[in-house]
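Handing you this structure, nothing more for now.
Chain IDs A, B, C and D follow the sequence of writing; residue 1 opens each chain.
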């Protein structure tokens, strides 16, 4: 299991490559990478991500451990950035490795659903006109947790 | 007890953390104490349903007891991922 | 869209990296990589993958086009190898890019379900004792298609 | 007409492809013609439910007409991915 909370960019190719070759006995590897998009309303110049350092690592490790146990994963990985990002920047990724494809897909979706609503990160969009808004949690994100 | 604020809660109250001396038994009692202090606290805690609380870095509930707790954090619903 | 049918290994890291940075406007990238596992019964030395060259490229392009249209993907990729592979070798991968995570996950699962039962590949496991068996299609693989 | 065989169908019949002169109207009629030729064809086509057919590289059905078709391929259910 690998959990990284960092300000620096990560290399999605190198991480995927290392994770895939390291997951012994796995037949299925799923990765998800999140990329900062332009804000829905207006052009965004910067996305600021705040987090709760003492809690973040612990919360992510709990989520990853749950996923590994529930789906008998060969391995799981979570990387999440904080600080100032721009549209097009890679913000986070998860990876899961299992014997069969269904488990790898389900575990990756579970990790994403939990990261969205249970990991202590908060996003702020700073628009071109200088205005700034905290991204509101979506009802759908909370609902997504109900299926697990 | 350390009390931490994140995102717009931090912005509304105007500081990221502070030491609070309190005899509150539950999170809700602590919230009422803070609200009675100053308008900026009252504004930040006006709608509790829009807030989340963590006790010693674990998500918790507003009716949870504070006994033995060293760090309380208030913040809006998370928006990670 | 990129569809490759090839005997040579592919570099999952390089492909993921290129796909991710090339998918403009996407907020969510999902990849799936399939790895040759040991046979369930007995130790496998080689997996031989036969395919129908005149049909394979066409079938994969149809499947990828369907996925792109149905989930409004920013991009999709399919790589599938044929020939002789060993346990631990990467056999195939798919990648999908969309605005939101749900579409990227669903489209990747759809591509995998179709590849399993609709792309003209056949696997043969050659075991340590010299015996060889064609891998049988699973009922579950055919059923998996019903949800789409 | 080119007739192609893959996987264990190819192994049972003993060749990957052949030219077939036929007046069969449907895939099923072609299958019956081939089965009547030799035991190895009869063995390969013994259980049609275990086979799939593609006409000009498109998956099709055993009752499909052969008119205009240039390439017929027989094979077991696919096992890609």
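A few notes on this one:
The definition used in the following text is that a residue touches a chain if its C-beta (ideal position, glycine included) is under 8 Å from a C-beta of that chain, and two chains touch if they have at least 3 such contacts.
As the structure is a prediction and not an experimental result, all values here were calculated from the model.
The minimal number of chain-to-chain contact steps leading from chain B to chain D is 3.
One simple way to say how far apart two chains are is to compare their mean CA positions; for chain A and chain C this gives 24 Å. Our note on geometry: chain B versus chain C, Cα centroid distance of 49 Å, whole angstroms. In chain C, the residues that reach two or more other chains under the touch definition are 34, 101, 112. Shown for chain D are the residues that touch two or more other chains, namely 81.
Contact topology of the protein chains: linear, an open path with no closing contact. All chain pairs that count as touching, in label order, are A-B, A-C, C-D. Residues 4, 6-8, 10, 54, 57-59, 71, 73, 75-81 of chain B are the ones that touch chain A when the two sit in their complex.
By the touch criterion stated above, chain C contacts chain A in their complex at residues 11-18, 20, 23, 25-38, 90, 99, 101, 104-105, 108-109, 112.
Against chain B, in their complex, chain A makes its touches with residues 34, 50, 52, 54-55, 58-59, 80, 92, 112, 115-124, 134-137, 141-142.
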